[in-house]
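Next up: the structures, one after another.
Both complexes below contain chain A, partnered by chain B and then by chain C.
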Partner chain A sequence: MTKIWTIAKMSLLENSRKQVFHVLCLLMLTVIAGSVLLSIFTDGTKLKILKDLCMTCILFGGAVLAIALGSTGIPNDVEQRTLYPIIARPVGRAQYVVGKFLGTLLTVSMGVLVMATVFGVLVYSFQHGFDKFLPLATLFALMEVAVIAALATAISTIATPAVSAVVTFLVYICGTIKIGYFGGLIEQATSGAAKAVYSVVYHALPNLECFNLKTALVHSDKVPIAYLVQVALYGLCYAAFVLFLGSLNFARKEV
Partner chain B sequence: MSQPLLTENLTKTYQLGKKKLPKTALDSLNIEVPEGIIFGFLGPNGAGKTTTIKLMLDFVQPTSGSATIFGHPTTASSARSLIGYLPEQPYFHKFLKPIEVLSMHAVLAGVDRREIRKRAISCLERAGLSDYIETPIAKLSKGLTQRVGIAQAIVGDPKLLILDEPASGLDPIGRHQMRDLLLDLKNEGKTIFLSSHLLSEVESICDKVAVLKKGKMVAMGAPDSVRSSSSHVVIHTSPIDQDMLERLRFLNVSINRQSDCTVLTIDPKAIYEVMRAMEEIHLPVYKIDTQRESLEEAFLRLAA
Partner chain C sequence: MKRICCLITMITAALACPAWAHDETEELGHHWADAVYTHEIRLQIVAMAVAVFVLLLGSMIVRRLKSGRTTQ
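Up next, the complex of A and B:
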């Protein structure tokens, strides 16, 4: 565990110095701050619009950061040969992959937490009170980020940074519309083969929509604890499985 | 106790290009590195030296054959806990300081947590970096970065050091210090596997050498046994003109024209014939000497 943590710490230091991290964080913070202006024009529902916009920013910004950082970490180490002295140590390839994933997750979490803090301050100033649901919504946004970061890290063990970023982004889009779109395709499929193909795609894709607690936050709906536990477990298992596949591939990779 | 390093018919074939054409980078390599020696691994570019090192460190998998480190297969993590590795041109994250790089590698090498900083500083001092412990890598020269690499290789107190071009980027003083450091490490009982192009360095410190050519080993043994046992005669004479040069060429003489003299290297059997020819063209003899083949000459003979 110490070795994984050391690699994660190094990855965090490396990622937090990347321009893409600073630019994306600043961009999202600007949009979050700008959402105040937008909500001013829509009296009555301004708080709902503010929450909707800010939460969208956190979810989308977190996902893009996870893709940008997760898909470049390992390939950059291979290309710049910073990987060599590390894997020449008694460090398993799986430990290295998990360390890089954790480093990415910690970096994105830092960005997401800054965004969530600014969001929290804005909500406080609008409703003159703290929204207790906000930390929970942020936590589940981080779980979505973890799944995306795991996917990007795993794909980057077999593909170039550009390819893995594009593929992960596509999976992110498909995972976000999975229930509505792919669920509908299965229902509408007439042939058995098509139904089977759609089913495989449906089950292989992550269900990212389940981590999105934006609607509950905006409308102050209650979310059953059992559902939250189930979603958390699903996220954990999906990320672990994807990382397992990535580690398995990286263990045999010639560097 | 098992050999620090042993390879048996180690072979690596890469599939190159879109057509996946096979290219044998290493062909049935058999080497034995006894404990406590400095082993020089020589070969021209593309001979398979780096591939061999990559196989030893499990960066790539062999097509056939095997390699062991102190009896452990190279695929085992236990083998890598006994190794310190210096890559050719080591790269570290530029924002880190040498002390941070060493501390990280100490953790990865399994050094006791309480000892990490002390060990890191001691290794940096041994590598001649006392004044640069807190300087970011980005501000260090190539030679100083190479020294960080050397310190990184010894931080885990390994029993076997695999060094790929350790003197690369070092100035003459640095090379001298490196040679002393390697000899000190050898005296401490470490085994050193040294891949280098600096043949004079290898000749002066290595107990055993292996020469690789196009993936095959062409010679292995003590530097003395690799060099040809026959000696040759070296004659220093005055600078010569083109006519004299043509005349001597017929006598199978190796001619090295220098600014203030000419050095003729000849087979001892041809000495009288050459001397006669020199007399005919009135060439003076400044100095005459016998010389044994150097490791560099042996390398050129074996690997060129």
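Up next, the complex of A and C:
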């Protein structure tokens, strides 16, 4: 555990110095802060649009950060040869992959927490009270980030940074519209082979939509606790499973 | 390579836009009220558990076979 934590800290330091992290965080913070300029709407509508826009920024910004940082960590270490002194020590390959993932997750969490804090302050100033559902919605956004970071880290063990970023982005898009779009495609498919292919892709894709609690936050809807527990468990299982596959592949890889 | 990857990403994002704008937008986002999501979550957790079990069992069998060969 100490070895994983050391690698995670190293990765956190490395990631927090990257330009992409600063630029994306600043961009998302600008959009969040700029959402107060929507003064043409009435107060109730303004608050709903503010929550919608800020939550979208947190979800999308977190996902893009996880893709950008997760897909470059391991390939950069291999390219710059900083990986060799690490694996020369008694550190398992799986520990290295998990450490890299944790480093990425911690870095993105820092950015997401800053965005969520600004968002919380804005909501407080508009509705003169704290939204109790906001921390929960942010926590589930972080779980989505964890799944995407795990995917990016696992894919980066077999592909170059550019390819792994594109593939993870495609998985992110498809995972976000999985049940609404791919579910319909399976029903519409006429041939058996097409149906089988769609089914395999459908069940392999992560169900990222379930981490999105934006609608519940905007409309102050109640979400069943049993459902939230299931989603949290699912997020943990999916991230762990993807990291397990990534570690298996990286353990056999010649570097 | 980077430019090609960026181009593919932009095209895919543009193609995916109609998928987000599907009908029944009132129901969109209330996934906790839809049984399909719960069913899919459970199915995927079971599938992942089975996959891990099969992988571990497979690797155990391969190791035993290898160690059996070396002792012979």
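To be clear about the criterion, the second predicted complex is superposed on the first by the 249 of 255 C-alpha atoms of A that agree within 3 Å, B and C clash if a C-alpha of one lies under 4 Å from a C-alpha of the other, contacts with A are read in each partner's own complex, and residues count from 1 in each chain.
One rule holds for everything that comes next: a residue touches a chain if its C-beta (ideal position, glycine included) is under 8 Å from a C-beta of that chain, and two chains touch if they have at least 3 such contacts.
From a predicted model like this one, the values you see are computed outputs, not experimental measurements.
A.B. asks: Touch test for A:Asn207: chain B only (first), chain C only (second), both, or neither?
C.D. replies: It touches chain C, and chain B stays clear.
A.B. asks: Per the contact definition in the header, classify A:Ala189: touching chain B only (first), chain C only (second), both, or neither.
C.D. replies: neither
A.B. asks: Which touches a greater number of chain A residues, chain B or chain C?
C.D. replies: The larger set of chain A residues in touch belongs to C.
A.B. asks: Between chain B (first) and chain C (second), which does A:Ala159 come into contact with in this model arrangement: first, second, both, or neither?
C.D. replies: In the superposition, A:Ala159 touches no partner, neither chain B nor chain C.
A.B. asks: Check the residue A:Leu47 against both partner chains and state whether it touches chain B (first), chain C (second), both, or neither.
C.D. replies: The answer is neither, since A:Leu47 touches no partner chain.
A.B. asks: Once the structures are superposed on A, label A:Val114 by its partner contacts, choosing first (chain B), second (chain C), both or neither.
C.D. replies: neither
A.B. asks: Which of the residues in chain B come into contact with chain A in the complex?
C.D. replies: Contact set of chain B toward chain A: 57-61, 77-78, 80-81, 83, 85, 87, 89-93, 95-96, 104-105, 107-110, 113, 149, 152, 156, 162.
A.B. asks: Please output the residues of chain A touching chain C within their complex, sorted ascending.
C.D. replies: Contacts found on chain A: 160, 162-163, 165-166, 169-170, 173-174, 177, 179-181, 183, 203, 207, 209-210, 212, 214-216, 221, 223-224, 227, 230-231, 233-234, 237-238, 241, 244, 248.
A.B. asks: What does chain A use to touch chain B in their complex?
C.D. replies: By the definition above, chain A touches chain B via 2-3, 6-7, 10, 13-14, 17, 80-82, 84-92, 252, 254-255.
A.B. asks: Which part of chain C faces chain A closely enough to touch in the complex?
C.D. replies: 1-2, 5, 8-9, 12-13, 16, 19-20, 22, 28-32, 34, 36-38, 40-45, 47-49, 51-52, 55
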